[in-house]
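There are two complexes below, and they share subunit A, which is joined by subunit B in the first and by subunit C in the second.
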Partner chain A sequence: MRFTRRSLRIPYIIFLLLFVIAPLLVLFYYGFTDASGRISFANIVGFFTDENTLGTLFYSLLIAFVTTLVCLVVAYPVAYILGTSNLKSKSVIIMIFIMPMWINFSLRITALKEILTLLEGNLSYHPFLNSVIGMAYDFFPFMILPIYNVISKQDSSLVEAARDLGATSFQTFIRVTLPLSIPGILSGISMVFLPAMTNYVVLDMLYNSTYIMGSLIGSYFSSYNWHSGSMIALVLLGIICLFTFFTGGFDEDNENAGGAIL
Partner chain B sequence: MKNKAGFISLFIFSFMCMFLFSTVSVSAASSDEKVVLRICNWEEYIDEGDWDEEEVIDLESGDILGENSLLDDFEEWYKENYGVEVEVQYSTFGTNEDLYNMLTIGDVYDLVCPSEYMIMKLMAEGRLEALSEEFFDESVENNYYIRGVSPFIRDMFESNSINGEAWANYAAGYMWGVTGIVYNPELVDEEDVKTYNIITNPKYYRQITLKDSVRESYFPAMAAIKAEKLQSEEFLSSPDYHDNLMKEMNDVSPETIDQIEDYLKKARANIYSFETDSGKADMITGKVVANYQWSGDAVYIMDQADEDDYPLMFSVPEECTNIYFDGWVMLKAGVDQDPAKKQACEAFMNFMSRPDNVIRNMYYIGYTSVISGGEDERIFEYLDWNFSAEEESEETVEYDVSYFFADDKDEKYTIMTDPIQLKRQLFAQYPTEDVINRTSIMTYFDDDTNSIINQMWINVRCFSIKDVPIWAWILIVLGIVYFIALLHKSNKIIK
Partner chain C sequence: MKTLKKTFLIAVIVIMYAPILILAFYSFTDSANIGAFQSFSVENYITLFTTEDLRQMIIGTLLLAILVSVISTIFGTLGAIGAFYSGKKINRTISSVNQIPVVNADVVTGFSICILLVIVFGIDKESYIPLIVGHVTLCAPFVFLSVLPKLKQMDSSLYEAALDLGATPYMALTKVIIPQISSGIISGFALAVTLSLDDYFIATYTKPAHFDTISTYVVNATKGSQTEIKTALWALSTIIFVIVIAIVLIANLKTESKEGELN
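And then the complex of A and B:
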């Protein structure tokens, strides 16, 4: 066989088959069958009728929502100030914010655990608060980067024009800068919100004994019920697709699409 | 049906690709008469050697020092004694359920080391290869297991059965212990740790950890609920006490499961957390004052805390305790009636039961071996070396471990030890006989019960949608409407 440019795609096809298509099919197979291997919709019906699954979904969404909000509120001013300033060292400052990401995740959370224990005394009094702090700490870089990117690439002449035409700096921010940075915000939100819904390791390590979606899947798998576990994973996948669709992640002309899907 | 076959073949295809390499190496190895032994054991559950010179255990009968990994030692020993080359492929698992899932997916092992209830489950499913008759022949010198296993353990293995077959026919024990509570004596009243009800005791609000596992929470909760009954005069003095205790502690009736659910919900509101693996560290760093724990890990915790001069103690509540053990079993799927393989498996179990190796493992892992040594006194000697009081100490007590070491009733095995050891490592490693008398095995749950109990556990751990107040629902709806409106607007701007 002659080596052509088309041969370059082979590794990717194999990768796709083995690590994307095959697991997905297995997920669908288990999600839509029962213990005896027959096609069954009991799992999906069970998901939407079980008060625990729905409650867990609610709790996961709540944690993810609050985490995203915290990240956004903290990250936006920093990204804005750095993105619009003329500081020479701003890339260094951005790097400082991102640096924790380069340290092993469980190490960071373990350190956070000790710090929070020092501050609070007993971690188990505030499980929800701790989980949000842990998640926000963990996902903060994912929020700051896209927003910073969008703001720093903004055409400064637009802001100047607004000021020339008599807008106050507050009006300029609300009418010009903020709307233009929305793609960055959306991509930041999707990078924080979705992982925050399933990252149960943070909750475990910070002693929050309430299940979120990830731990619920784990619980089903350890009682050998692969069917309900797979269905939860599928429903989560559906939620992610819906979310990406609504935030315009599938639009081809959206330059942040990649980030949103991630 | 056609679709299903397609799914399955794809499933199989993807796994075949993953295991292609391992299969190739196995078939290549078997052609030049080398036995490949695939062993799957708990993480950190075997001596890996590489000890410092200072760590030498200097018994009077000779020094014991772990130089090489026990696995390497086994390969060498097997070649010397059986004249066959053996290669151990060693892997580990994290929980019994993980192991079971691995086996279901199609991982193949010859020899695994699950806990008692998983052994029972595998036995009931007919997946285990029976031990050969030669394994039980006490006249063979290399049969260290049968020559050295404690009569107490041997009894338990012979008297318990699944589908009419004794455990002893399928499993060789490895480590054993009981469950109890590690506690900080300065902050916890000794009276309070005498009962499992400490987990709902408001005095220790948010200061106790339980294990993040259904079974390990089910047992203490059941004992707490039945505390009064279990300690009643009538129950204790019954001639069938032990059988009754087993029955009570393996109760899976719907009413009991409901009661346990309520109790665990109450416990959840009172404890620090259900810990996955942090319980040991939290106990040592003082984040919690008590921790429901396996005796083997309790020894580890107390050892570690001792290094920081932070004395902790171990208590076995008076209601009852869960006796557990891990044992070696051969899997039919792996051994596949290959006599060479079976011989190697059994030799491995025997090698692990040789007294010096037992001592190395016990020293390294902290758990207690099921081997008492039989005629070989080295294990008792090690115990004495470890725990006997120093000669100048004034106060000593006699600690009786005859139930474990003595072959007949007349023999006495006692250690003169420091009184504090009655509540510490010695007590955790070899509990007193009155503790042994109130032990109960916890059997496996069958599939239906398992899913009911798991549902109970999910009910305990999950946030219920019914607990969401109405104002929250209104807020959510408003929020969603606002968000969609915002998106709509922003999309227009971008375009």
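And then the complex of A and C:
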């Protein structure tokens, strides 16, 4: 066979089939069978009828929602100030905000834990508050970067035009800058919301006994219950699919995902 | 208004960095809890470099990150080139499947890969294969994503010109395409390194029992009660912080001098 550029796709296609598609199929197989290998809907019925698992689902949605909101409320002004300023050292300042991402998250959470222990005494008194603080602290930079990227690329003549046509600066913000920055906001939300539903190790490290969706997988994993664990993973996958459908995560030119970290 | 903006930015930076800096300060003391300052000491740093366990864990994490990043960069780059020069439909399909590990939760990726490789295929975790495969699955799609835009920016006639001048397709690939997209490959590699270093979930579900990455080690250490190890990790956190600052500074200086040359 003659060598062509497109034949380079073959190893990657095999790789994707083996390690991306096949694991998902295995999840479906285990999620919809019982221990003896027979098809069964007990896992899914069990998930949606058990008060504990449903409670965990709503609790993690709540934590993820509050965490995302906190990140957005703090990150938007930061991204806006930096994106619209004409400071020369802008790129250095944005670096300062992103740099913590490169420090191992477990070490950052260790640092946070020491501070929170000093402030609160016993961490177990405020599980919800600590979870939100920990998650927001961990994922905050992921919210800044996509919003900053969108705002700093905005055509400044649009804002000038709005001002020339008599809009106040508040009106200009609400009707021009904010709507134009929605793609960045959506991309930021999708990078914070899902990890906040699943990253149970942040909770564990902050001496938290509350459960989120990720913790369920963790506990089924340690009890070798692949069937129930797979069902939780499938439920999470469903939520992720819904989410990416609404935030456009499958966009072809989704360069924010890669660009957000470097 | 200007001072208000500045104060806000500084306040956010202070909150972000306070825990890391306070921990860095206490890593140079002999106290076991922050807030209880006793006296300065470099004992934590000595423990960090002399404890066999800690040393192995750090070296293991680094070796894993480098190995995984090399494999991911090869797969991701080849995949991006192959997909980019394929028909629109195939390109689209590959790109969509590539998005799955990117948007998926790490817990789900780690759990599903563990089930497939360990439970279904019966591969022993001690062989490191599940761990390496898991990390490559996490990293390669990000390399793919950072190479693809560079291919879009490339002048497509360059490749044709190389062929017209008598290069074989393989030569045109290695001498023309790859040098043109090298910045994307390098940033993809760097991204893969950071993702592998930061991963916790895929490693916990796929790693051999005796092997620890920094993340899994630190998480287990915070649950334990060994003060000596705990404070040695403060030293590790401080060292990593300094290395990150150094890398960022060097990268910034380099881009600045490049811009200077252009002017």
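Quick notes
As a convention for this text, the second predicted complex is superposed on the first by the 246 of 262 C-alpha atoms of A that agree within 3 Å, B and C clash if a C-alpha of one lies under 4 Å from a C-alpha of the other, contacts with A are read in each partner's own complex, and residues count from 1 in each chain.
Going forward, contacts are C-beta pairs under 8 Å (C-beta built on N, C-alpha and C of every residue); 3 or more make two chains touch, one makes a residue touch a chain.
A quick note: this is a predicted structure, and the numbers were derived from the prediction, not measured.
After superposition onto subunit A, partners subunit B and subunit C are found to clash with each other. Applying the stated contact rule after C-alpha superposition, one finds that A:V26 touches each of subunit B and subunit C. For subunit A, the partner that touches more of its residues is C, with subunit B and subunit C as the two candidates.
Residue contacts after overlaying the shared chain place A:P183 against subunit B, while subunit C stays out of touching range. Contacts of A:V92 after superposition on the shared chain: subunit C is touched, whereas subunit B is not.
By the touch criterion stated above, A:Y125 is placed in contact with subunit B alone, subunit C being left untouched.
In the superposed model, A:N225 lies in contact with subunit B only, and not with subunit C. In the superposed pair of complexes, A:L54 makes contact with subunit B only, with no contact to subunit C.
Once the two complexes are laid over each other on the shared chain, residue contacts for A:I103 go to subunit C alone; subunit B is not touched. Using the contact criterion defined above for the overlaid structures, shared-chain residue A:S7 touches subunit C, although it does not reach subunit B. In the superposition on chain A, A:T198 contacts subunit C only, with no contact to subunit B. When both structures are laid over each other on chain A, subunit B collides with subunit C only at 218-226; the other stretches in 218-226, 236-244 or 254-262 stay clear. On subunit A, the surface patch touched by subunit B in one complex and by subunit C in the other comprises residues 22-23, 26, 117, 204-205, 221, 254.
On the subunit A side of its complex with subunit C, the touching residues are 2-13, 15-16, 19-24, 26-27, 30, 74, 77-78, 81-82, 85, 91-93, 95-97, 99-108, 110-115, 117-118, 137, 140, 190, 194-195, 197-201, 204-205, 214, 217-218, 221, 226, 229-230, 233, 236-237, 240, 243-244, 249-250, 252, 254-255, 257-259, 261-262.
Per the touch definition, subunit A reaches subunit B in the complex via residues 18, 22-23, 25-26, 28-29, 33, 35, 37, 39, 51-56, 58-59, 117, 122-125, 127, 179, 182-183, 186, 204-205, 207-211, 215-216, 219-225, 246-248, 254.
Contacts from subunit C toward subunit A in the complex involve residues 5, 8-9, 12-13, 16-20, 22-23, 26, 33-35, 75-76, 78-79, 81-83, 85-86, 90, 92, 94-109, 111-116, 119-120, 133, 136-137, 140, 142, 144-146, 149, 159, 168-170, 173, 177, 187-188, 190-191, 194-195, 197-198, 200-201, 205, 214-215, 218-219, 222-223, 233-234, 236-237, 240-241, 244-245, 247-248, 252. On subunit B, the positions that touch subunit A within their shared complex are 4, 7-8, 10-11, 13-14, 17, 95, 97-98, 100-101, 104, 206-207, 212, 214, 268, 271-276, 278, 287, 447, 450-451, 454, 457-459, 461-468, 484, 487, 490-491, 493-494.
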